[in-house]
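Dropping the structures in below, format is structure tokens.
Next, two complexes with chain A in common: one pairs it with chain B, the other with chain C.
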Partner chain A sequence: MRTLLTIAWRSGWNRRATLALVAFSIGLSTFLLLGFERVRADIRESFSQSVSGTDLIVGARTGGVQLMLYSIFHLGGATNNIRMDSVRAIEQNRNVAWVVPLSLGDSHHGFPVLATTPEFFTRFQYGYRQRLALASGRLFHGSLDGLYDTVIGAEVADALGYRLGQHITLSHGAGGPGGIEHADKPFTVVGILQRTGTPVDRTVHISLEAMEAIHLDWAGGAPMPGVSIPAAMARKFDLAPKQVTAALVGLKSRAAVFGVQRFVADYPQEALMAVLPGVALDQLWDVVGVGEKALLALSALVAVVSFAGLIAVILAGLNERRRELAVLRAVGAGPRQVLLLLLVEGTLVAALGVVFGAVLVAVSTFGLGPWIQSHYGIVLDASAPSAAEWQLVAEIVAAGVIASLIPAWRAYRLSLVDGLSPKV
Partner chain B sequence: MIEIRNATYRWRGAAADCLDIESLALAAGGSLFLHGPSGSGKSTLLGLLAGVLAPRTGDVKVLGTAMEDLSAVQRDAFRADHVGYIFQQFNLLPYLSIEDNVLLACRFSALRSKRAEEAARSPLGHARHLLKGMGLDEELWHRKASELSVGQQQRVAAARALIGSPELVIADEPTSALDAALRDGFMRLLLAECARAGSALVFVSHDERLADHFVRRLSLPAINRASVRQGSEEVTA
Partner chain C sequence: MNPLVIRFVLPAVGVVVALIVLTPMHVRPDFTTDKSITQLAPAVATAASGAYRLTLWRELAPPAWKSTPPFRSEDVSKLDDADPRAQALLARMRSAWDAAPANAALNGAAIRTAGYVVPIEESREGLREFLLVPYYGACIHIPPPPANQIIDVSISRPVKGLDAMDTVWVEGVLKVARTTHDSGASTYAMRADDIEPYNGPSH
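Showing the complex of A and B:
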């Protein structure tokens, strides 16, 4: 076996130019398959780590996935707001421990602005029941003195280079060209949160009252003409929010979750819904799963093409190597050893390709990881391959062995027919 | 050493035998010149002797072992242990060094490897000894086979056939690619090394001038009854 391995290696090295190309293409398909698997797994991990300790998310009646996406991930928008009365009514339910209202819609340099109560910072949990923590500064109190205080996520601070005491202005809506700034009411950064690897990192947090204040002189999504309320004056108005976008709900006992969900759904004054974050995520995966399968099938197809290349290259070279096979037969190799030799050769090429692809995945996660995290909030795990990835690697190598069987079988037949006198 | 009795061989799907030899014998350490033009059943006979083929009927005994009694796998192992083979041309694996090409024969046979050790302490030692014996300078030993001239390649092939002192060396027109001067040099070296190793030599060629190097000569068409029949068929057709 060692002899065959040595011969296969030397023989292959002799044809390294063509075989390297094949290994390269197998490497690229391995990269596709492995990279896809890693991104897929890490996206799921990122998403499922983004919220914990919240039993229900309440919002206007819409899809469960949609409610989850905009309230937690700040993706997409709400179809409707909910009234603050409704939130209070839910708070009164005897099974409900706490309610944290959320109000979304504005942005700052593309980062979403979340208006909420100070309680958000103690109630919101992520990962395995980890709480938010400050990296520096303090939280906002919700008092009128600190009306224009803001607490920003780690990514916001890093990307924009903000430090405590920085004055920032918010953009109405998603911002961008043609957007309108709330320039008359600048905010002060009073706190920067520690990095969490969740959408919180990319969020600018302000109080619900501040959200009311910056929209006092607005109506129908635009500033009222001729009306301007200076920042300090705003404090004299009633800043209690009338509407919010959604609310996080914590229960006294998880057992009551379906009861409260029904209570919300049947709430007579307004069309509301409540979703369990885990269930909404499962629904999301069901939707995304179809696309994932299509992508996986496509990557698998690319792998099949590269293995077809492997078969073609080795088969094409075989005719020129009939003398080589005859020499091996002459020194005592049997047709089975010839078969094994070609099998080893193909497997070596496939294995090298897989190693190349795996290294490429490792290098890219290492190199592109920070960029992907800052742009998409997805933490790519640069650690050791997961069980699923090992399985994938094993499957690709197995496919390589199966593909190599075809030229190996052909070589077996040739060496049987040719014996010591190759017909070249 | 070699004992053939009424051995016939027929290619799969063929209507008639291509080889039919009543008797052929060679003593241990002996040498034999077989004159065989192409089509005289040369490849078949050598295939039988090397154990790549098994006779359809009759007996092919090498070293007292009946080839027809062995399985294909056993015959391959037998060849590895007891037979050295030299082709007309293209004997070497181009991607291996000269030394590794010679050692290749030991890689497939523990017996040959052991005998090479006995002869020169190590297989590599025996390989170098044989290469030197075949007139190949030390500076060539680490070169790739493809860098050598045809004459040099054939001498490397002879060294490989002889490493581990196999009982039988089969040479299939090994000089046909060499010019006259090289040819005689090669013949002398091959015969001398075979004699030193105590290996029997079956030498096939269509070049009758080489027969002078041998005491015993045979014409393959003369002993192959199948070729006579085939010949007459061709005439009648």
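Showing the complex of A and C:
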């Protein structure tokens, strides 16, 4: 076996240019398959780690996936707000332990602004029941004195270089060029949260009252002409929120979740809906799964093409190697050894390609990971390959073995027919 | 084209495409009917369940409890869905179901049963907690099951790859937990010792 390996390696080294090209193409398809699997798994993990300990998310009637996406991940927009009375009515339900209202819509340099109650910081959990923690500073109290206090996520602080005491202005809506700023009411950074690897990192948190205050002199999504309420004056107005975007609900007993969900859906005064975060996420994966399957099929086809290349190159080489194989037969190699030799050669090329692809995946997750995390909030895991990835690697190598069977079989037949009398 | 490509590669591509297109259709068992659980050869049942007693969903309700309480006498079939009287009946049934008592005799019982997964708590290592319910779409399309037909299952070893509405066998010790509020309702909780996929009653 060892001699066989040596012969295969030396013979292959003679044709290294073409074989290296094939190994390179197998490497690229490995990179595609492995990279796709890693990104897919990490996106799912990032999403499923983003909320914990919340039993229901309540919002205006829309799709369950959509409600989940904008209330937790701040992706997409709300179809409608819900009235604060409805939120209070849900709070009164005997199965409900706590309710945290969320109000979205403004932004700061592209980072979403979330208005909520101070209770958010104690109730909201991520990962497996992990609580939010401060890296520095303090939380906002939701009192009038600290009306313009803000607590920012780790990514906001890092990306914009903010420290405690920094004054910032929020933009109305998504912001950007031509956007309108809430420049008359600047906020002060009083706290910076620890990194969580969830959308919280990319969020600017303010109190619900502050959200009301910065929109006091606004109507229909634009500042009212001629009306301007100074920041300090705003405290004299009624700042109790009238409506919010969504609410997180925690229950006393989880088995009551369906009853409360039904209570919310049947709430007579307003069209509301409640979703279980876990169920909504699984619905999302059902939708995304179709696209994932298509992408996986494409990547698999690319791999098939690479292996077709492998077969073609080795097959084409067989004609040139009649002498080489004949010499091997002359020194006593049986047709079986010839078959094995070709099999080893193909497998070696495939294995080299897989190693190259895996290294490429590792290097790019390591190199691009931080950039992807800051732009998309997805944590790419640069750790050891998962079980699914090992399985993919095994499948690719197995495909290489099967592919090299074809030229190996042909060499076996040839060496039987004309092994010792090549027509030159 | 190389004949080998035609002979091997193209059929392989065909098989891959066919496999993707022909993903198997699922049949959704209804675990409220006993057959999905009990259609087991007795020998298999004992071998598979060991110390855990095979338990039907209707056993979770106390023997005296009626799932459709007072309105048997009224002629429900004549009522339209949108009829306010039907709505009122539904609301009555709903509150009766939400307060459905648990079977106290099952407190501490080691049971084995099958049902649908409604995921609750996901961790990095996998699913940690879910609700087990007896029929598909519970909570989405049809009225949610009564309180005594829901088991709050926590898993000591997190399980990967379980999605909403997957069917599983669950083994563990049941606990009847009294909820604190006035309705007097009690609910089932379970610490699962083992969870395996449900592959039909002949498991």
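As a convention for this text, the second predicted complex is superposed on the first by the 423 of 424 C-alpha atoms of A that agree within 3 Å, B and C clash if a C-alpha of one lies under 4 Å from a C-alpha of the other, contacts with A are read in each partner's own complex, and residues count from 1 in each chain.
Here is the rule we go by: a residue touches a chain if its C-beta (ideal position, glycine included) is under 8 Å from a C-beta of that chain, and two chains touch if they have at least 3 such contacts.
None of these values were measured; they are calculated from a predicted model.
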Clash or fit (per the criteria above) of chain B with chain C on chain A: fit
Partner with the higher number of touched chain A residues, chain C or chain B: C
Which superposed partner A:237 touches (first chain B, second chain C, both, neither): neither
Chain B versus chain C as contact partner of A:312, first or second or both or neither: second
First (chain B), second (chain C), both or neither touched by A:285: second
First (chain B), second (chain C), both or neither touched by A:3: first
First, second, both or neither for A:390, with chain B first and chain C second: neither
Touching partner for A:13 - first (chain B), second (chain C), both, neither: first
First, second, both or neither for A:334, with chain B first and chain C second: first
First, second, both or neither for A:324, with chain B first and chain C second: first
Included angle at chain A between vectors to chain C and chain B, based on C-alpha centres and rounded to the nearest 10 degrees: 100
Chain B and chain C, minimum CA distance [Å, superposed model]: 24
Contacting residues of chain A [partner chain C, same complex]: 45, 48-49, 52-53, 55, 94-95, 127-129, 252-259, 261-262, 276, 278-279, 281-283, 285, 293, 297, 300-301, 304, 308, 311-312, 315, 406
Touch list for chain A against partner chain B, complex: 3, 7, 10-11, 13-14, 323-324, 326-337, 419-421
Residue numbers on chain B that touch chain A, as the complex places them: 43, 46-47, 50, 52-53, 72-73, 76-77, 79-81, 85, 87, 90-96, 100, 104-105, 107-109, 160, 172
Chain C residues touching chain A - in the complex, by the definition given at the top: 2, 4-5, 8-9, 12-13, 16-17, 20, 94, 97-98, 118-125, 128-131, 138-140, 143-145, 147, 150-152, 163-165, 177, 179-183, 185, 187-189
